[in-house]
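As written, the chain order gives the labels A, B, C, D and E, with residue 1 at the start of each chain.
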Amino acid sequence: MSFNLNKSDKSLIISFKQFPDVEILILLFSNVRNSSEIKENLLSSNSSYNYSFINPKNLLNLEQLFSSIYKTLINYKNNEVKSKTLNSEFIFQLSPNKNIFDSIKRFGIAQDLKDLIVLKALNIEEKEIDKTDHSQPNSLQDHYKHILEIVDGDLIEPNDENISKITDLDLIRKNYKLGKEISTDKQILLKELIGVIQLKGY
Amino acid sequence: MTVLNKGDNNDDLNGIENRPFAIYYNIGEAIEKRIEVGDGPHFTKGKTSGPSDFVLKAGIKDKDKPSEAKDSCLGKLRSELTTLQDKINVYLTERMASNSSGNNNEEAKFEKEILDGTAEDDEDEY
Amino acid sequence: MVVDLDQHLKPGKSSYVAIGLEGSANKLGVGLIRHHPGQLSLSNRAEVLANIRDTYITPPGEGFLPRDTARHHRNWVVRLIKQALDEARLGKDDIDVICFTKGPGMGAPLQSVVIAARTLSLLWDIPLVGVNHCIGHIEMGREITGAHNPVVLYVSGGNTQVIAYSKQKYRIFGETLDIAIGNCLDRFARTLEISNDPSPGYNIEQLAKKGKHFVELPYTVKGMDLSMSGILAYIDEIANTLFNKKNAKPLQNEEGKNKNKKNNLCFSLQECLFSMLVEITERAMAHVNSNEVLIVGGVGCNERLQEMMKIMVSDRNGSIFATDERFCIDNGIMIAHAGLLSYRMGDTTSLEDTVCTQQYRTDQVLVKWRDD
Amino acid sequence: MSFTSSLTLNIPFQLQNQASIALKTLSVDPILRPDDAKVSYLISYISNCHYLHIDLYAISDRVLRVLANNIIASLKTIVECFDEF
Amino acid sequence: MSRDLIERKALLLLPHIPLLVVSQGAEAIIFQTSVHPYLPQLTSSDSIYIIKYRPSKPYRHPILDKQITKHRTLNESKLLLKLLSLSNSNDIINDGAVLTPSLIATDIPNGLIWLQFVGHFLNDPDGVNQKNFNNISSLKNYLWSIEKKIPLHIHSNLKEDDIISQSLEKSIISINYKIKNLLTLIGIEIANLHIFDICHGDLTSSNIILQKNSNYILKGINIDIENDTDTDGYLPYLIDFGLSFQSNLIEDKAVDLYLLEKAIISTHPLFANNYYNVWLLNGYKTGYQLKSKKLNNKSYINQHKTIIKRLDLVRLRGRKKSMIG
């Protein structure tokens, strides 16, 4: 995959080898102050909020997120996307839960959430992979600016170190239904989470 | 059980044109029964050496009859053996019917074993 | 190292002739074969001088009982031997060795045939060689097809094995854990009350050709082994609910729907069982790094099985070898051939050792005539 | 259990060799259940004939019948071989 | 599908992924690739990832084919995950772990699984280090490479059931105790698997991959392992879970062992009965003993006994099976 971490503007753009036409912009915020506002806009289907808003507390590191993005793209290719939009599908695929609404509640944005991952996938050829309103921003640069406008928080570099500070192991245990005996070895725990994500829906 | 002293006691064998015969003994009941094949005619197709009952009942033609005997001493012997086989079977079957012992199951099992082998492998053991 | 097969050629003779007697199941076979000295090869093939068979056929819905099968063999064995000798225009002086099936098989039929073998051996003063039935199939298959070192799928009424040669033994890599493929098909033929003439398996194959709709059945491959009794129970149950309900005898109603249903069941059973056979064969091929397959045994005549196997093998860029019904169905010639190989290595079976045995595993036999 | 039932089969052959081959051919096969039955063989020469005597002992008539039937069936094959070859 | 077609189909499913066929198993074709599906390429490493592809089998009826392909792919992925969450550690002996390659990604409808690469490539007897899966460090190839060193004349004189004299044994298998330790460890690992109520369904010496791991020391044990737990530096990984299933039935576990036993006999006939299978079963017993000790629960010992008893029955059934016609 290609992995372009721009240190100066703290943005990450990734692209998988298998899906060279798709580019994904990933931004990480801390101290978000307008979570409830974002949520309301999402609920009212405001088309300028055409992004995935992900709760990073559920993440051990970027690999976990990438794994679910990859799975979403595979499902997209196989015509097996379950939720209405690709944005919500990215969130849904992070969750082991079969219920879309519940998954978004647990893995998406919550009213008082301070940390936030915002994700946007674009098809290089057709631009909007998830075609909606063409009056909306049409390049990752446009989206980057737009996201900064709608999220009131501190942009921090989306890297494993920053994510690990946000990670909430108890929440992971609860949301991934891992029971008490969760491995103390983070590598093994990560493998397990990835396994769950890869087998979601089966 | 004494065995005939074949060398000395020729009486049993004289006067029978060298036909096969059998002698049945039962020590418990002190029975001695001589089974002769008689004058015949004898055939290679026996009454007790045909197909099983269920095959006959299904009504298909018996394609597997023995070949007919040649007109030779050995051909004659083969026919006579068939008659002897029938007579022994009939005699012993009658005896079994008249004094059926309590051991029937066990013996039937033995019979099946001889006729159909010991393959009890169709059923699992557990 | 090449095995010397000619240490025991009789003085004054330029070739070997063996007679083989087979009667381990419901087929009685007599065959006569000739080997010329030297290694068998494409330019030095065994000569089939006679290959005669008679099959004991039971009424529809019935299997063959050992006692009736033995009766069939007893009543035919001498006639068949005579016919074979006549056909080959040979007399007792031409024969080097009398070969018979020692096992595995049904006790009474085996015994009824070995009686003739022993009598002739003593009468003609010719040695006996007891042959493992499965080895007979394998060696004859190799000889007829020219397959060099194949993975062998041996499928018949009593056997389902995937075999490969290694270090002077034919080793069993996969096999059925319960009933044999032919047995499974025969028993289903009985459930459907299909005719046993010429064989239940053949008639199932004909019905299956007309089947179209696939009925899902359990699929029970276990490693390189497989299990079939569960599948039989499952499809028997379907057949019984379809056909054998109280009223009348719908089974004999060959009209319309029932006929189609029967066809479809036969079709599905074959598809399922044969897929498993092809899969375990492929597993063995991958395991021993081989790309040749030889199919032997009565079920090996089935065209659908051969077709499926062919697809699998050609996808692996391999070759498939199969024989026609003269050789894949039990026969005397294969016993003669395998017995003669043994004889040429100097092995004969003494009279006391001619007792037949129902259980006789393929991997018990030391394959002296191969050393590759 | 004792062998209460017994049967002696007496089979005449013209040639010594025939009686002897029949004996050898038959006697190879063991009795399946030695506790239930026993078989012994003997050849004698009586009135120009080579007799094969087969003594069968069994614990019951049924066992005896099975044995006798089987042996005679085999004998018929043996005799047919002699006749044809 | 022919090999060629399979590869072309795989390329369509995996565009832009460099694929190298490394083995064509019976039901799956194995590719290796240097590309991780969703992680950035590390310039420094020559990473290998495994892609297991179950193509459709044209000899099968399409309904059956779909059913089997999906079932096996899903089954394998699920069991790998299940084992990961059950075993939770890398320690076969102390934590009752079962080592398996970890799951990286799946594309179930298309029969694809991405897996962590385990093992390495064994040296050819001629000393050539071939990167060829015919040379992968499976238990089979490892044992064969050692068996090959036996001089030919000994081979041909060796009968299957001979117990080799001790001196000969040492000269034949110079690292004999290492094999013994390794097979013991594998036995323990299979016991661990069965204690989790999982049956592998296809245990053969090809389906056990040996991973070099000098860091890992089998410690804290007082079992039937000789010479400081040396297993030639290998840790055994179980692979190929396509035929695996969950079961707590004694019969299923016994059959699982029986299949392994038979596979060892047919693949390694000279040493199977007197050595390899004995060691494997000893290890299997040890596995249950360790579990029993750890939980202070005797029922594991009994479980082991019942399984072995049933194994005897299964063997007997195998021998007694009528083979007619």
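Annotations for the structure displayed:
In the analysis below, contacts are C-beta pairs under 8 Å (C-beta built on N, C-alpha and C of every residue); 3 or more make two chains touch, one makes a residue touch a chain.
Computed from a predicted model, the values in this text were never measured in an experiment.
Excluding chain E while holding all other chains in their positions yields the touching groups A | B, C, D. Across the two interfaces under comparison, C-D and A-E, the one joined by more C-beta contacts turns out to be A-E. Chain A and chain B, compared by their mean Cα positions, are separated by 89 Å. Each chain gets a centre from the mean of its Cα atoms; for chain A and chain C, those two points are 63 Å apart. Put simply, the C-alpha centre of chain B and that of chain C have 34 angstrom between them. Inter-chain spacing, taken between the CA centroids of chain D and chain E, is 58 Å.
The multi-chain contact residues of chain B, meaning those touching 2 or more other chains, are 49, 66-67, 114-115, 118-119, 122, 124. Residue numbers of chain C whose C-beta contacts span two or more other chains: 70-71, 74, 78, 106, 178, 358. Taken together, the chain C residues at the contact with chain B in this complex read 56-60, 62, 65-68, 70-72, 74-76, 78-79, 106-108, 178-179, 358.
The touching residues of chain B, when paired with chain D in their complex, are 1, 3-4, 6-7, 10, 13-14, 18-28, 44, 48-49, 66-67, 70, 72-75, 77-78, 81-82, 84-85, 88-89, 92-93, 95-96, 101, 103-104, 107-108, 110-111, 113-115, 118. Residues 1-3, 6, 23-27, 57-61, 63-64, 67-68, 134, 155-156, 160, 201-204, 206, 243, 255, 259, 262-263, 265-267, 269-270, 317-325 of chain E are the ones that touch chain C when the two sit in their complex.
Of all residues in chain D, those touching chain C in their complex are 21-22, 24-26, 28-30, 73-74, 76-78, 80-82, 84-85. Contact residues of chain A toward chain E in the complex are 1-3, 14, 16-18, 20, 63, 66-67, 69-71, 74, 78, 80, 178, 181, 183, 185, 188, 191-192, 194-196, 198-199, 202.
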